[in-house]
Structures are given as structure tokens and as C-alpha cells.
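Following this message is one structure expressed as C-alpha cells.
Letters A, B, C, D, E and F name the chains as they come in the text, with residue numbers starting at 1 for each one.
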Amino acid sequence: MKSERFKIGWEKLKEVDGSAGENVVKSLKDIAPDFADLLIEFPFGDVYSRKELDLKSREIATIAALTAMGNASPQLKVHIQAGLNVGLTKKEIVEIIMQMSVYSGFPSALNGLFAAKEVFENEKK
Amino acid sequence: MKSERFKIGWEKLKEVDGSAGENVVKSLKDIAPDFADLLIEFPFGDVYSRKELDLKSREIATIAALTAMGNASPQLKVHIQAGLNVGLTKKEIVEIIMQMSVYSGFPSALNGLFAAKEVFENEKK
Amino acid sequence: MKSERFKIGWEKLKEVDGSAGENVVKSLKDIAPDFADLLIEFPFGDVYSRKELDLKSREIATIAALTAMGNASPQLKVHIQAGLNVGLTKKEIVEIIMQMSVYSGFPSALNGLFAAKEVFENEKK
Amino acid sequence: MKSERFKIGWEKLKEVDGSAGENVVKSLKDIAPDFADLLIEFPFGDVYSRKELDLKSREIATIAALTAMGNASPQLKVHIQAGLNVGLTKKEIVEIIMQMSVYSGFPSALNGLFAAKEVFENEKK
Amino acid sequence: MKSERFKIGWEKLKEVDGSAGENVVKSLKDIAPDFADLLIEFPFGDVYSRKELDLKSREIATIAALTAMGNASPQLKVHIQAGLNVGLTKKEIVEIIMQMSVYSGFPSALNGLFAAKEVFENEKK
Amino acid sequence: MKSERFKIGWEKLKEVDGSAGENVVKSLKDIAPDFADLLIEFPFGDVYSRKELDLKSREIATIAALTAMGNASPQLKVHIQAGLNVGLTKKEIVEIIMQMSVYSGFPSALNGLFAAKEVFENEKK
């Protein structure tokens, strides 16, 4: 039986990441099903469900961090979509990524913008 | 004579980073005075002065990115102070840094929290 | 009241990290007490307490990763001590760090070795 | 004529990395043949051939480091296969990668698990 | 109307990066046209146009840095081509990338060499 | 008895890094003497002694890479001194570091410049 944290996490995951989050969980089922549980319980059940910060601010932080790290392109795309899901505009997302040119350099910002371009184009379909 | 961008950037730098920003500029004077100009003109004159994102959101993005990168401790401290300057609460800053445990791991979040502790303690003095 | 995960995590933290782990938890009390709970619950309650890998192998993995990342010196020292706590020899720890020269370069291995030197010298006291 | 180190390294490379290692060497022949020699001589002739650590422990360290670095996907796949070659079980490899969520974040662990999934599926063929 | 910096930057971009640079600018037009301007103005108008370092030395620095960072493959390829454009030989470029094995590890050097292989093969066509 | 590679490497290390290099080797003697040998043999005996690139170009590459990586401050300082040893001017070194603001962001360039400031001030004494 799944824990209360799991249930809270699962609802939060669906609210934030939508179907992309569910797909990540599914794709873990045959390789590391326990990790799917941890992914729901810790990031979403423990962290994103805390009241100290609204979801819009959380997604600004995550989009900025993943752009700056520059080595997590699939997760960046999930969170650009998540940003749209929780109410960030495309202009705001583009602006956050542009700002990373100052902190992690132009290549990280460029690759972030191309990730956004891909997500925004899928949105339209 | 300094450019218009420089003047806009200088005002923005003082608004965001306060005396910490001015100190960085001063400390560059004997090693790389031209870089002090670039630092004022590009990040502050060109990027932070854009209207597409409010300063609070910009500092959320920067604190998140510098925490996640984990190799820019002096700049992270400057921007934790900058976050306070533009209206983020200590609780919000702590929450942004805590969230990075999900994306760049617990060591980056721990080191970010200890940086915040140092900045908050200096605040009180 | 603390959860079962917390209790399991707290015992595991003490077993692995010893007093260094307790000190990290203490130093979080005034800045982010909730993060101290998360640190005990997720890494130690959820991950290190799993049976699929022995603690020696877990510390090999952690020492290698923190050496390679090169931006988490305090945590690397805690885990070099943890490696000794769970039965790795000094020679084995030195060898793990040396091997990182291949994957993350000589500077990361050098800085890792100097961290080990510091931990081993404190050991003797 | 190749050096003694080269011969030792070449045998070790084949033992650890199998045909994947040989393919890397081949693919360097037209762009940087000298680098193929260095790759055999230093990592395998000098480091992996040392007696201070068994090959299983070496592969735990390498899989952990490459997962944490998150920017060397082809090499991570080679070493997940190498882990199997030297006797790590799939469960152990999955567990090492899962543990990296604590140190380098969930995206690095997720991308590592998807790399493992790909290697394990090729194994079956 | 475009600024003087923009005009200088645009000429420098074409001199250094050739058509690859122009393509990057074009591909930004629909997602972040302002970022295309910043990209021309700051890196090329402000930095590359400075007289303190010749373009060959600048490209040595950039190829080394992007190889070492290991998370900016498209930009590394653009600058391997740029290195050829400003007079570095293929042998020199290969040697710079090989040297990174010492500082950022063998995986970063290997991935850099495979990027060079791709650029050199396109050259021949 | 030390190998030919060791002898070549030792001469090259002294030529490039001067007393700073010798100090690194000494400080390894009690923690990892074998690693001191590897450090002399591979980076200096195998790589820096190759004829395909002059030492000035090698140091441009290394200063750029270590600045961009941002997590190897002691080694960056050794190589800023090495740059001076092989004939780079202070202005050129400052310029290389400034350029990294484009690729790895302003914090990495700032921290690089402060490292250079420290090395240049020690020079004068």
C-alpha cells in the first residue's frame, strides 16, 4: 500500500508536470520501479507540496537551474512545459533562460532556448 | 565617457546588489578595469534592466542557478543578499535553495544553505 | 512526532557518517530545520537503508562521485570519514580518488587526495 | 613497437570494456591515433591494472562518477556494460545510479537509469 | 536602428564563426530575437573585437573550455570550425582537445575528438 | 628506477609549473606517492612534451578550461603562474579569463580574475 506522501506526491506531480511526469514514471517501471516511488515521494510529496513557495516561483527556480546545469535536457523540457502548466508565460520562460547567459554562459542559454522552442512548438499541435 | 548602457547598468547594479555589487566593481579596478565595465553593461545594463521579468523572479532564478552550479560561492552570497534587497523573504530564499536538492543534489543545497546562514547573520549586524 | 523513516534514517546516518553527520544536522537547526529532517529521511531513511547494496559499495560510489563533481569539499570529507567508518581502508579510498583522474581530470583527483589527507590526519588525533 | 604499459593496458581494456572498448579505440584511428594509445596506456595500463582495488569496486566508482557528471553518456553506457562484465549485477548497477539522486540530483539519476535500460536491453539480444 | 556595437559584432561573428554563426542567429529569430542581438553585441561586439588577444588564441581558449565543460556540443562544433576559419590546423585542434584529458578527464576529450571528427568530415564535402 | 617518461615529465613539469609543480609533487608524498609519479608521467611526460602544440598555446587552453570549470582554484593559480613562465603576458592572461564570461558565465570569469590578481601580487614580491 502506498504511503500518504506518495498520494500527495502523485497529485502534485500530475498538477505540475502533467502527462510528461506520468510518462517518466511509466518509463521507470521495468528498470527501477522503486525509483519511480522515490521520485514521486521526495521531489513532489516532500518538496513541491511545501507551502513556503508558490509553484510559479518553484518552476522559475527549476528552469533556471536546469538551464544552468546544461546536462539535463529531457528534464529541462519537462519543466518548461511545467512552467506553462503553472502559469508562467512563454515570454517569462524565455527571459529566465536568457538571463542564464550571465551565470552559466551563452551556450547554456542557447541550448535552453532551443529546448523551449521545441516545447512551445509541441504545445501548438 | 561612459555609455547610456553603462549608466542604466550602474543604477540597476546598485538597486539589485547594493554595496556588494559596488565592492566587486572596485576590486576589479587594478586587475581588469574593462571587465568591471562589461559587468555593469551586459548583466545589468542589458539583462536585468529588461522589463519582461520582475526583479524578484530574476533573483529566484539566479539564486537557484548559483546554488545548483555549486562553484560560485561568493556570487551566490551576493545574490542571496540581492534577493533580500528586492523583496524575497528569508523563508523563500531558504526554500529555493532546499528545492535544489532535487535537481543538483543535497551537497549543493547544503552548501547553499550555509551561504544563506552567513548572509543572514551579517544582515543582523 | 517523527516518522518511521526518520527513525530509520537517523540510525543509518549515525552508523555511516558518525558525529560528522550529526554536526551537519545540528548546523541546519537555525537556518533550515525542515531540511535537516529531509536529509535524514530521504538519503538515509530511503536510500542508504535499502538492502540492494552494502554500505562499503555505497561509500565507494559516493566518494567517487563527490571527487568527480569537485564542488562539494565538505561533503567529500564527511564521506571519506564515512568510508573508513564502514570498513574501507585508507589505501582503497586513495585508490578510488586516484582513479577519478581518468574521468574528471587530475585537478579533481588532486583536490580529492588533499581532502583525504586532511581527514586521515584528523583520524590520528 | 608498443610499450609494456600498452600491452598491459590493452589486455585490461579488453577484460573490462570488452568490444565496446575496442570500438572506441578503432573510432579514434583516423582522428587521433596517438590518443588511442594514451587511452590504453594511462587509464588501463597505469590505473586499472593497479592491485589496490578490485575491478568490481573500480566499476562502482566509475559508474557513480559518470552518472553524477551527467555529461558523458556514451562512456557511462560503456561502463555499465563493463560493470556487468566484471560481475556487478543489474540490481547493483541500478542501485548505484539511484543513489546518485542524493549527490547530483534526480535528473542525473534518471538519465543514468535510462542509459542502463538501453544497455540491459542490448544485453538480451 | 542597430547600435555600433551590433555592427562591429556582426562583422566579427561572420569573420569567426562564418555561416554557422549566422545560422544560430537565424534560428533564434522566432523564439528570442532579442537574444540574437545580445549574442552579437556582447560576445562578438564587446569581447572578440578587443585587441588584447589574437583570434587564434581566442579560439584555443574557447575550444578548450567547451571541451572541458562537456555539455555544449553544438557550440563546440561551431568553434572547432571557427578554429579552422582563423587559422588553427586540424592537428592543433586535435592536440588542444587531447590535452583536456588531463584537466576534465578522458570522456570529455573523447567526446571533443568525436565532435572534431564530425566537423572535419563536413569540411571535406 | 624511474622510467624515461618520468624523466621527460619531470623536466617538463619544472619548465612549465616551476616550484609550484614541485610543491604539488612533494605534498603528495605521504598520501599518494604513486599519484605523484602518474602526475609527472601522464600530463607532463606524455601530453605536454608532445611537439604538436607550443607551450604558450597549451597554457592558454589550460587557463581557459580551469577558469570555465570553476572548481579547481589551486590548479588554476598554478597555471596562471605557468602561463607567465612560458611567456604569456599578464594582459593576455586577463583577456583569456575575461573571455570565459561568454562560455561559462560571469561568476567563473570573476573568480578567475581574482585568482590571477593573487598570483600577480605574489609575483611582485
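Throughout what follows, a residue touches a chain if its C-beta (ideal position, glycine included) is under 8 Å from a C-beta of that chain, and two chains touch if they have at least 3 such contacts.
All values reported here derive from a predicted model rather than from experimental measurement.
Novice: Taking contact as defined at the start, I'd like the list of chains shared as neighbours by subunit B and subunit C.
Specialist: Chains that touch both subunit B and subunit C, as defined above, are A, D, E, F.
Novice: Following contacts chain by chain, what is the lowest number of steps it takes to reach subunit F starting at subunit A?
Specialist: 1
Novice: Is the number of contacting C-beta pairs greater for A-B or for A-D?
Specialist: Looking at A-B and A-D side by side, A-B shows more C-beta contacts.
Novice: How much rotation, in degrees rounded to the nearest 5, is required to superimpose subunit B onto subunit D on the basis of Cα coordinates?
Specialist: 180
Novice: Measuring centre to centre, with centres taken as mean CA positions, what chain is farthest from subunit D?
Specialist: Chain centre farthest from subunit D's centre: B.
Novice: Report the chain whose CA-based centre is farthest from the CA-based centre of subunit C.
Specialist: The most distant chain relative to subunit C turns out to be E.
Novice: Averaged over CA atoms, how far is the centre of subunit A from the centre of subunit E? Could you give it in whole Å?
Specialist: Inter-chain centre distance comes to 30 Å.
Novice: Using mean CA coordinates as chain centres, what's the subunit C-subunit E distance in Å?
Specialist: 39
Novice: Touching two or more other chains, which residues of subunit C qualify?
Specialist: Answer for subunit C, listing residues that touch two or more other chains: 34, 38, 42-43, 47, 50, 66, 68-72, 75, 94, 98, 100-108.
Novice: Can the chain contact pattern be summarised as a line, a ring, a star, a complete graph, or none of these (other)?
Specialist: It is complete, because no pair of chains fails to touch.
Novice: Using the touch definition up top, name the residues of subunit B that touch subunit A in the complex.
Specialist: Going through subunit B, the ones touching subunit A are 42-43, 47-48, 50, 52-53, 57-58, 60-69, 72, 75, 91-92, 94-96, 98-104.
Novice: Show me the residue ranges of subunit C that touch subunit E in the complex, using the header's touch definition.
Specialist: 68, 100-108
Novice: Flag every residue of subunit C that touches subunit B in the complex, lowest number first.
Specialist: Touching subunit B: residues 24, 27-28, 30-32, 34-35, 38-39, 42-43, 66, 69-72, 74-75 of subunit C.
Novice: Quick check on the complex: what are the subunit C residues that touch subunit A?
Specialist: Interface residues on the subunit C side: 34, 38, 41-42, 46-47, 50.
Novice: Which of the residues in subunit A come into contact with subunit E in the complex?
Specialist: Listed in rising order, the residues of subunit A that touch subunit E are 69-71, 94, 97-98, 101, 105-111, 113-114, 116-117, 120.
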